[in-house]
Every structure is written in structure tokens, then in C-alpha cells.
């Protein structure tokens, strides 16, 4: 391939995306946004794998990415089912409202 | 030849057999105590009286037999001992339950059993109407038993057993009328104050054991004189510690405060315990361990000084009391001061002699006082008495004899001879000094003043109370016997015929007299006689002829203050309350809930605090929990990477 | 085998008592009583066979049983009995009988479960006195606490829960420290020898560094002084004693505290002689502080039971003093004090319990003048009050005096200060008697006196305390072999507790 | 030569930032798709054409559509946008941002401290990936199927209407 | 890869097949009894087949069925069996279908078992996700308010933590070039490695794993999820899910030789201490039994980490024994909660247990035994477990940690005692305790657990021997 992308720079990008996703999880109250942010984080992790795989010229990184993709799908399906159920029960998507249990 | 031998052995064997009965002397009262204690109030009064008095009587008889035997055919070395069993045996530590008889303990045994018997007899009537009759006799029997163990003990641990036993009985009997808190307080005071001394004594015992390897009194004396030079630190420490015990028990300065309060007990108790026997245990102890005191001249000097001071202080206090029993109590303190003085100047046998005569006349005085008190319906205040001479003639005469003996009226009284001996030695002994002598003389003057003040107030003057009850035979008999003893008791030791000193000399070394020339013994007797007579006259003048003078004196502010000072026993109680009792109670009350517990309470508080604080982190919010994870990640990375 | 029976009998007795408790309150009581009596008879028989009873031999272990338990970790089921254990086991079953008898009418609820707990607690205590495997020891050490906890928490008085929890927390925390120390010793021993074992006899004489030894010793020591208890770890005691039912108080004061003393004697000092020697000044200071501080606290109380509880702090101070003086006199004194304190305090608790059953208060402000209607109770109370103030002729005196003599060699000032504890003991004991039995009769006009059952219990206790007071020799002889062995174990390497009589030997020679 | 990478990276970061700051869910979703697309480009640049395709097809395609479905289903209108505005206040922002800044700093420290090691990129063909997947990782694939089964059953159970609601089975 | 290679996987396959059969069954005919029995049978058969595992144990680079793994899988299967039994009673008569529950239960068991057998990050990750995804649904299974709330919390946080984990693995992979545990250690020792990145990778993996293990400071979800989830699921979360993860963690860190990284050691030590304190202090005055047990599990994992940190021969045995004891105890405790739970809500308030001893003496005793075991009191397995942990800690001279453990045990005791006291107090007024009769199977299970608990507490030697044999390789 033509380009030479430093390993660290790839990871930095992954890290940046990861951190942004993390901020999203911590800041947003809307459960949909939280799920979106999680997707960002997972995607960032996947990116990191691909970067790592390309450093070693191995397919393993990509394989892992595929598994992450699988997991994200399963996660999102259950997650969104839960979101619907949440909305059904609490009539809101505010994650803070689902905070009856504490202490 | 053969028969001669036999003749020699026979009495010895007989004597040995006789000595085998030694254990019976304390055993009888002990049995009496157990019988009375177990059956308790269910026992009929008559039977209780018989058991109580009988047991002491029995032990008196045994004591008499043994004593006669001891005198008639003295055992080898003038001592004999009987081991019942080994009390404790741990390596070299081997105190046993062993009774030891020598002239000193014999004299003590005599006094204890005989005076004890008389007082028991007296009590059968005196206490007749009291609740807890059998309890009274149980305590009294236990007391006699303990006292006998004390005087017969062969080792210090057994002595301590008796020592504490008498203290206990004193406590129980002072508080006999337990329904009044004041009595209980007096009883506690007595026990606690003496316990202070006892503790010092116990430490002394331990010191002796550790440095001499035994608790056997005779061995201690022997080893001490071998191992310790005169004035050695060990000897001084041991003697001083033992002295502490003696001071407590004998109510000497500075532990004298309990005795006047101890008068809260029934009068026979005062007579037996707080006059005749227990309070002189200190004298006995010092006499018993005289070798130690000889090895520690400093302490012996202290004994004399304390004795002299005590006899004066108590004498002044006695002058001012209203309560007949308190007068007698202060008088007892004062008389024991004489004994201490005697011990302090090395006149061991004089002290013992005075102990004996004092036991007679002071018991007599107490019993007489008891008769008066009973006659006047438990009136103790002398100023509400008067003119009883007519109503209670026998009491009057016997009381008068006792007073005479106490005041040491010359020639006819026992007290004269014993006190005179002490005064003589306080001047002439090696350790004596004119100061001691002067103090003794002043004390003698005080003694006769307060004694006859008492006599005049009670028996002379106008009658102020109605006599409700006259003593019966069982009360009169002891009075009579004691009166007789108070007169003839002194004749066993006349200036030129020292039977008593000779008898006890195997146990107590005789005093060393030095400066005979300063004042002849005869001269000193004349002076002493004069002093006591002067005292009587002063009492007559002040309290019978012109009581107004006294009142005038006491109404003057200075006089009033002085009177109050003396009346309260020189403020010792006040001082002790301020310095010891008050702070102790304050600390105990303040710290009732134990400040250390606060530390643990604080820990528990922190536990709860952190619980609450951490509970706040469990806010129930997902975002916050995600932050928790992030924080965790930051910290974990921080530790792994940067550490 | 007999040792296993000694533990099994109360265990089974407890189970039976519980199982047969349905609708029947009498049966559990009898079952427990009989089981404990059998136990006691067994111990007595052992004692009869015991040659040391008469001071004949110096053999150390009378009975010894060693079974495999967890060999992988070097843990064995090792029980053994020497004179010291024998005495304490005897005390255990004796006080067990007394506590069953004393709570005959006091406990009305869940009688079966009560006796189950009582018996299991006793079994645990017996186990503690018999174990020679440190793991087993710890096992029993913890085991005895649980039933005790239940006794306090379920049948106690007003503040029972917090008292029970406090008790449990203190003892558990300290116990865990001991566990850590046990394991430390285990590994130190293995490091030196390559043998992984918890066996006491093998662990004796383990070589270790001095800091190491001190830390390990402290681990043991803390567990034991908390149990003992010594200031400043004593604060669980008044609460637990006060809130516990009578039987609980008896076992607590009479036995549980003794396990601490036993642990010091058997483990803390012999296993770490050097460290113990170094620690002696501190331990003795703690002991003396305990003696005085406990006494002051006792005096300040208005709750009768609390007062008695604090006296334990004071009395056990003597035991601590004696143990750390570590010479024959002091150790014998400590043993006697252990036994006599168990009995005298137990008796006092029985009296307090009897009083509470009658007048439903422990507040001394509301008592007074009880002698009039209950002279027997008063008499017995007086006697044990006197025992607690150390009156000669009663057992406690022998113990305290021997301890003082023994301590004297080690430190004269400590001994002197400790001796003043006798004065304070007088103060609180008399104060207690005064407040309850003497004084005007204000509130309670008629209080039933001790009944036959209670008097029988008391008679036994009085007999023992007087017997030990006047003829402690059987006890001393029994303990002698064991104590000598302990001293040998500890003293082989140190100059610990050697008594020297500066003069006596010379004097002896002269006189002979 | 890496310019495309940096451009794509910048796009990814910016669009991701937009994702987490949008008030409207659909907007956010669209930004996310942009972000995913740029990441796909990066995958391509990194020599991983296969996953680049998957990223677009599955991530941007399937998964995001799922989100759209839900958003539509729950009908999140302007009302919820308004609510988002109220929720996103500085006090909510500050804490997490500082925290993540710390995390980012740590990562940065770790990644930048060493010398950058550029390496030649070798393209890993879909074939290679396939061989790896069905070779050494075949068990992983099997397990992934079970993972999907779990997701399926879970979503099925949770998403099902309650019996009381309609009585029928979904 | 031949069919022969697959032989060791039979136990796992049995589980997977059972779940598929149940799913297929639903399509045709829903039957509680059938699915329940099939589940139990599947687990039982899988358990039995464990003993038949022989030959090549390493199946591809992903899984290894060595004795260690077999032991943990056995443990996980046993726990699942108990949970399955408990949940059949629990879900009886509820509106929800039960069949999906069994499927999810089997799948999550499978996930956990895969974890125990993983030697590769891929299998680790997928196993973990199978476990997690099934758990999301299980936690929210009865779909009431608390369930949903717990489910959402668990989902969001678990997914986020998975992202951390993945990122960490990516860093490790990027630095070492392999995801196999055994090869990773050689990759680590290679030249020119960026140690900081490696450590960051470890730390992030630790974060992800720590979340699953519910150790501080990743513990916050625990009480909420424990409280919200149905009682049997809580038992499952507390045991099976943690057991598998811990088995993996232990294997992983032993293979990469954690002790070579003092700072990593420090991080785990920090987590251990923080978990002990956080768990115990949070439980101190807590009034909800499930939350108390949640906090207590946090603390217990902290204790476990102490042994985990210890080196030497004792580490694996201590951890494993403790886990066994912890499994028995936790299952027993949640079993009691399950038995007492009504249809309306779970019996999770402390008041619900007031005076339990009066009307249900056996249940109260069993519960006390469980609590005593948690507190580490003798005669219970918990005692031996705690002893073992302290022994392991002492053996490696981790004195500070041991002391922390000791202090925390004491704090922990406080709240266990609090519950125990309530059990024996005068009965209060709670509708929960009025449940008429107890289901037989559940009772049997509880009795069995209690017997096990006591047996291990008195005579642990056979188990210790077994663990020692099984884990000898480490």
C-alpha cells in the first residue's frame, strides 16, 4: 500500500474517538444517546484492533473487529429492546429517571 | 537413773500432748461461727448465746490449760508450734497453717480469750433485744477466731489471714446495725483505711520473702539479723512497710481516723475489737518483728515519734468529745500511742504489759459505758447524762476503777504500773529522749483530765435522763471481773519484781536502759503519780466545780475554733476527704462511662460516617456509575503506568 | 478418645436439648445438666488418675490424641491435656453446671435453643483448652463466640444487641489478627525447617528475627488481651457482661476471659519467649493500669452487674501481671486467680441474676437493705464480695498474693502499684455490698431469699472458693507439671522469670 | 503520504464530537454515520478493505438503521430536543470532561512518549481474513453465533408485548 | 482441526445444544416442564461429560480444557444447576414465559464456561459477551420497573466496560502482536516494547474485568443490579458470572506473570483494598438484604484478590477454595431470599426477615449458616476459605493486605450480625414471611447447600486435595 500510517497515530485516533464516546456516555441523559456513545466507543476499540493488526500485518485484528461488530449488533438489539421497555414503563428516555435504586 | 529420765520425759510428753491441743483454741470459735452462720436466724437466741459464748469460753479454758502447762513446764526454747497442714507449697515458698506459741502469743491469747469471753457473756444480755442476735455472735466468734490465728500465726501469711479476718469482723460489726447508712459508712471507712495499711504490710511481707526466702516469722528474724546490718536499706524498707500495717490496724497517725467512727458498732464490739484486742494487733506485729525494727533504727524512732504524737493528738481530741464512746475511742488511740512509744524506745515488754492492762481497763470502761448507754436508752451524749452514781452503783464503781486505771492513779491501779514503765523507758532507754518523756507526761495529764471529765459528767452532778434499764447479772459479772483485773493486773510487773518481763523475755528482748542517772525510776513514778492526780483535780475543777469556765472558753472565738479543731480529730477527716476521697469519687463518677469507650465509639462513628458518605456515591444514576468506571480506569492506569 | 468425648458430650447434649425442646421446657434443662455432669465426672476421673495431682511427676501431657485433619496444610486434630488444661476444663464443666442451674427459672423462652447455645459455647471453650494444633485452636476460639453471641443477643437485657455485636466485633477482630499471626508463625517455621505444620509442639522453639517475633507475638497477644481483657481493650466487657443473661455472664466472666489467659500462658509466651520478654514491661504496665482503672470504673457504676463486670477487668489484670512475671510463683498465682475469679465472679453474677429475677432492676440506687429479707443472699453476696477484695482464706487471695510475690522479682514498682489495687478492690466491693444489702430498706419490702436450688449452687461455689483459699495445694500440684513445662519451653532460650533469692540461699546454708 | 488518513481522522473526530453534542437524535445519528464512514476510510488506508466494507454495511447500515427504527418508534420530537437542551448544562459537562481529559492525557502520555514507528502497510485481503476466521478462529465464530442467539432471544423476550397488553405472542 | 479435537468440547457443546433444542421447542410447543427438565438434564450431562474429557486438551488456540478449566466449569455448571432449580420455583405462576429464561441461563452458563477455558483474548471476549448479553435479558427478565432499571444500568455499564476491555486488549495486541495468553508473555519480553502501552493495556483489561467482578471502583452497578434483578438471577450474577471471569483472570495473570510488573500488582492491591472498604462500609447500615449481599460480594471479591495477589503454591488453591465456599454461601443466601420472595416483590427488606426463626426455624438457621460463612465463622466453608486466603496472603508476606482484610472482616461482621439478630428477633409485620409453604425442590437444594457448607467447614481435606490436584499445573 502506498501510505505509511504510524501505529501510534492510529491508536491516538482510536483513543480520541473512545474518549469522545466515553464523554457521551457520562454526559447524556437520553438513553438513546448513551447507546450511541457506546457504539462510538466500541467502534473506537475496533479501530484500535485494526490499527494493531495492520502493524503486525495480521488478519487477527480484523477478525477481532468482526467479533466486535457481532457483539455490537447483539448488544444494540437487546439494548434497544430494553429502551423500548424502559420507555414503556417510565414513559421517558431519561436514564436518570431509572434511578429508583440507590444508596 | 531410768526413772529420773522418765520423770523428765513425762511432763515434756504430757506438755507435747497438751500443745497438740493448740489448734483447738481458734477452732472452737470457728466452729461456733460456722454453726451460727449456717443456721442463721433460725437458731433460738438462747442457743445462739450458749454457742457463741461457750465456744469462746471453751477456747479460753484450753488456753488456760495450755498456758498453765507452758508456765509450769516450759517447752524447749520456751516455744512450741503445731503444724496443721501446708497451706501452699511452690518451690521454696512454703507457708503452712502452723500455730506458734511463745510467751508473747500466750499473753495475747490469754487476753483475747478471757476478755473475749467476758465480753461475749456481757453481750448475751446487752444484745438481747437486737435483731440478728445469732449473726452478732457469729461475727464475734469469727473475730475471736481470726484474732487468735493472728496472734498464734507462725508465718506472716497466716498472720495476714488473721489480720484481715479481724479487719473483716471489725467491718461487719461496726456495720452491724446495717439499716443506718452512717454505720455502713463507718464500717467501710474502718476497713478501707486499715486496708491501706495492710497493703503496705503485704508488700513488706513480699519484700521479706524475696530477700530472706521465707515467711516464717522466726526464720525471718534469724535470717534478717544475719543478713542485714543495722540500718540496711532492706531492713528499713521492710520495717517501714510493716509499720504501715501496724499504723492502720492500731489507728495511729496518720491512719487513726477510722477508730472514732468505728464506735458506730455495738458497745461490746467496741470493747472487744476497738479497745482490747484488734487495735493492738499493730503493737503485736511490731513486737513480734522487733528484730526488724531493731535493725532499722530510723523506723523504730519513727514508731516512737508517731506514738508520742498520736497520744497527744488523740488526748486533746478526747477532751472535747460529747459522745462517751468517742471519748473512749480517742482514749484508745492515745493509749495505743503509749504502746507505740514503748515499742519505739525498745521497751517491748512494757508495750505488751500496757497492752494487757489496757485490755482490761478499756474493756471495762467500754462495757461500763455500754451499761450506761443501755440504761439511758442508747443515749451517747455525756452532757445529757449525770448523777448516775446512785442509779447504777455497780456500774459507777467499776467504771471508776477503770477510769482510775486509765488515768494511772498511783499504786492501786494496773494502768499505773504499765504506763509508768513506758514513761520510765521513754526517758531512760537507749532510744529514749526527754522529749518522749515529756510527751508521755503531758499525755498522762490529758488522760486523767478527759477520763475524769467523763466520770464527773456521767455519774456526778444532776440527773438528766431517766434510767430505763439496769444491768443484769450477765452484764455485771464481766464488769466485776474486769474491775478486779484492772486493779490486780498491774501486780505482775512491779518495779523491782518484773515477773511479766521475765516471762516474756524469751520472746521479747528486754529494753536497754542507758541514762539511769538522769531521773531515778522512783522519782519518775512520783512525778507520774502527781501528774495523774493533778489531772483528776483539774477535771474536778473544770467539769464538776465550775463548768462555766469551760463554757466561757469554748464560747470565745479562738477557743471555739480550737474546740472544733480538736473535736473533729485535728481535721484529718477533712483533709483526707479533700485529698483522697473526694477526687477519687469525682474521677469515678465522671468517668463512669469510661472515656476509653469513646475511642471505640469514635471508630463506630467514623464507620457510619463513611457509610453515609459512600452511600451518596451510589446515586442510582447510570451516568454517574459510568464516571465511576472512568475514575477507576484513570486510577488503575495511573497506578500501573506511573508507579 | 476421652478428650474428644469431653467436647462431644456438650455438643451432643446441646443438640439433644434443642431437639427435645418442643413444648417442653424442663427436658432441655435436664439434658444439659446431665450432660455437663457426665462431663464433669469424666474430668474428675481424669484428675483422680492424674499423678501430678499429688505432685508426683513432672510429666507434661496426660492424654494426647493426634488425628489427621487437613494434612495438605499440616493441620491435625491434635488435642492434649496437661494439668493446666485439666484445671480449666474442670472449671468449664463446673461452671457449666452452675450456669445451667442458675438459669433454671430465668430462661422462659426458647429454652431448647438457649441450652443448645450454652452447651456449644462450653464445648468450644473446652476445645480451646485442649487444642494443641494452632489451627484447631483458632477454630474453637471462633466457635465458642457464636453461641455466646446468641446467648447475649437473644436472651440478654435491654441493650443486648449492641452489646452482643460489640463483643463479637472485638473478639473477632482480635481473633483474626491472631489468625494472621498463626499463619505468620506457620510460614516462618516452614522457612526455617521446610515443614509446614500448625502443631504446637513442633512450632515451639521456632527461630525467628526479633522484629518478626515481636509482631507475631503481638498478633497473639492482642487476641488474648482483648479476651482477658486488658485496658484499653476492655470496653466490650462491661456491655457484654451486663446485657448477657446470668448463664451468659457466668460463662463470659468465668470461662471466656480465661481463654485469653490460657492463650497467653500456652501460646503467646512459650512460642515467642524473646518477644514476650521484651514486651514484659509494657504488658505489666497494662496489667497494672487494668487493675487500677478497672477498680476505679467499678466504683463509679450504679448498675450492679456492670460493677461486677468491671471488677473482672481489675482482677484479670492480676492474671496478666502474673503471666508476664513468668516465674513459678506468679504463674501458679495466675492459675489460681483464673480459677477463683471464675468462681467468685460467677457467683456474683448468679446473685445479681437472682436479684434481677426478683426485683427486676440492676440499679443499685434502687436497692438497699436487702439483708433483712434475704439474709442468705446477703451472706453469700458478702462472701463473694470479700473474695473479690482478696480476703485471705478465700481463693482469690492466694492467687493475687502469689502473683504479687512473683511479680516482685520482675518489677518492684509494678508490684507495689498493683498491690494498691487491693485497696481499690476493697472500696468497690464494700461499696457494692453496702448499696445492695445494707442501708435502710427503702423500696423492696419483701424479697424472697435464695431458694434450695440457688443455695445448692452457692454452696458448691463457696466450698470451692474456701477450699482453694485454705488448701490450694491440689490445684498447685496439678498445674505444676504443666507450668514447669511451659517455663521450660519458654525459658530454654531466655533468662525469663528466674527467681533469685539474694540472701536466702546463704542464710539457708547458715541455718542448716 | 498520510494526508488522507489525517483528513479522515479529523472528520471522524469532529463528527463524533457532533454526535455527542447534538440535541436531536436523528442529527446525532447522521453524524455518527459520517464518523463511521471516515473510520471505514481509515480502515481502507490501513490495508483492511474487508472490514472497511463491513463497517459501512453492518455498522453504518444495519446497526444504525436499528437506531433509526427505535427513534421513529418512540417518536422523539422537538419536545425531547428541548429537554436535551435543558439537560446539557455546563455542570453536567465539566466533571466528565475533566475526567476523560485525564484519561486522554494518560493515553497521550503513553503513546507519544515513544518514538513514532511508522511501518509499511500491507493489505490484508478478505481471503486472508476469511481463512483466519474459519481456521484458527472457527470456535470464535461458533461462539459468536451463540452470542447472536443470546441477543436474539433476549431482544425477543424483552421486546415482546406483555400478555396482559394484547395477549398474543410476538 | 479434526473431529477428534472437538472431543474435549463436548461439555460445552451439550450446553449449547440444550439451549438450541429449547429454542426450537418454543417454536413448536411451549412447555415449562420440558424446558426445565431439559435445562437440568443438559447441565447434568455436561457436568458428567466433564469427567470424560481426555486427550488433547487444547482446542485451537482459543480454548483449553485442562483440569483447571474443568474444575471451574464443573463449579459453574453446579451453580447453574442450583440457579435453574431455584428459578423454576421462582418463576412458577408468573406472567412471563419461562422457556427463554432457560435458554438465556444456559447461554450465559456457556459464556462463563468458555471464560474458564479461554486461553485467547478472542474466546475471552466472546465468552464474556455471551455471558453479558444473556444477562442483560435475564436481569430484566420479569420486566417490572426494577428489572428494567437494573437491566438498563447493567447493559450500559457492561457495554462501556467491554469497550474499555477491548481497547485494552487492542493495546496489548498492538504491542505484542498476539492475543494468545501463552504467547503474549514472550511477546512482552521482546525488544523495543512500549512498556507504558503494555501497562495501559493491562490496566484497561483490568478495568473491564473489574467491572464484571464488581470490584471497587467499578462496583457501583452491583447493588442496583442485585436489587433489581430477580433473586435467582442475582444469585447467578453473583456466582456464575464472577466465577468464570475470575477463573480467567487468574489464568491470564499467571500466564503473563503478573508479578513481573510491580505497578500492576499495586493496581490490583489498590482495587482489593478499595473493594474491601467500599463493600463493607456501604453494607454497614444498608436495609435491603439484596443490596447488603451485593456490597458484601464486593468486599469478598476484595478478599479474593488478596489471595490472587499472593504468589506461591497456595494462590490457586486458596482462590479456588474460596470461590467454592463463596459459591455455596451466595447461592444459599440468595436461595433463601428466593424462597421467601412473593410474586409482588422479592423478600429483600431486612424487616421481611424479622423473627424468621419463629415461624421458619430451619430457613432461619440455613440463612444464619450462610451469613456466618460469609463472615468466616468456623464450622462453615467460609471459615476455611478465609483462613486459606489469609494463609496465602501471609505466605507471601502481604501483611498490609492481610491486616486490611482483618479489619474489613470485622466491619463486615457487623452487618452480618445485624441480619442474624433480626432473624431471631420478635416477629414483625411483614407479608413476605407469611408465604404459606415452601417449594420442595428449593428446600432440598438449600439443605444440600447447607450440608455442603458445613461439611467443607469441618472436613475440607477432600476438596482441598481435589483442587490441588486439578490446579497443579499452575
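Odds and ends about this structure:
As written, the chains take the letters A, B, C, D and E, and residue 1 is the first residue of each chain.
Definition applied: a residue touches a chain if its C-beta (ideal position, glycine included) is under 8 Å from a C-beta of that chain, and two chains touch if they have at least 3 such contacts.
Computed from a predicted model, the values in this text were never measured in an experiment.
Steps from chain D to chain E, taking the shortest chain of touch contacts, total 1. Common neighbours of chain A and chain E, by the contact definition above: B, D.
With chains reduced to the mean position of their C-alpha atoms, the one farthest from chain E is B. The chain with its Cα centroid farthest from the Cα centroid of chain A is B.
Centrality by C-alpha centroid: the chain sitting nearest the overall protein C-alpha mean is C. Set side by side, B-D and B-E show the greater C-beta contact count at B-E. We define each chain's centre as the mean of its Cα atoms; on that basis chain C and chain E are separated by 43 Å. Once the centre of each chain is set as its mean CA position, chain A and chain D turn out to be 5 Å apart. If you average the Cα atoms of chain B and of chain C, the two centres end up 37 Å apart.
Chain A and chain B have Cα centroids lying 96 Å from one another. Those residues of chain A in touch with two or more other chains are numbered 7, 11, 15, 21-22, 25-29, 34-35, 46, 51, 53, 55, 58, 60-61, 63, 67, 71, 74-75, 78, 82-83, 85, 95, 98-103.
In chain E, the residues that reach two or more other chains under the touch definition are 122, 126, 129, 133, 136-137, 140, 143, 151-153, 156, 160, 196-197, 199-200, 223-224, 414.
Under the contact definition stated at the top, the residues of chain B that touch 2 or more other chains are 615, 618, 620, 622-623, 626-627, 630-631, 633, 637, 641. Here, these are the chain pairs in contact: A-B, A-D, A-E, B-C, B-D, B-E, C-E, D-E. Taken together, the chain D residues at the contact with chain A in this complex read 1-2, 4-5, 9, 12-13, 16-17, 19-20, 25, 28-29, 32, 35-36, 39, 42-43, 45-48, 50-51, 54-55, 58-59, 62-63, 66-67, 69-71, 73-74, 76, 80, 83-84, 87-88, 92-93, 95-97, 99-100, 103-104, 107-108, 111-112, 114, 116-124, 128-129, 131-133, 137, 140, 144, 147-148, 150-152, 154-156, 158-159.
Every residue of chain E that touches chain D in the complex is listed here, in rising order: 1, 9, 16, 19-20, 23, 59-63, 95-97, 100, 103-104, 107-108, 110-111, 114, 122-123, 126-127, 129-130, 133-134, 136-137, 140-141, 143, 151, 194, 196-197, 199-200.
The touching residues of chain E, counted against chain C in their complex, run 372, 375, 377-379, 383, 387, 390-391, 393-395, 397, 399, 402-403, 405-407, 409-410, 413-414, 417-418, 420-421, 424, 459-461, 464-465, 468.
Taken in their complex, chain B has these residues touching chain C: 37, 40-41, 85-93, 97, 135, 157, 160-161, 163-165, 168, 171, 175, 178-181, 184-185, 187-188, 191-192, 195-196, 198-199, 202-203, 206-207, 209-214, 219, 222-223, 226-227, 584-585, 587-592, 594, 596-597, 599-600. Of all the residues in chain E, the ones that touch chain A in their complex are 121-122, 125-126, 129, 133, 136-137, 140, 143-146, 148-153, 155-156, 159-160, 162-163, 166-167, 169-171, 173-175, 177-179, 197, 223-224, 227-228, 286, 291.
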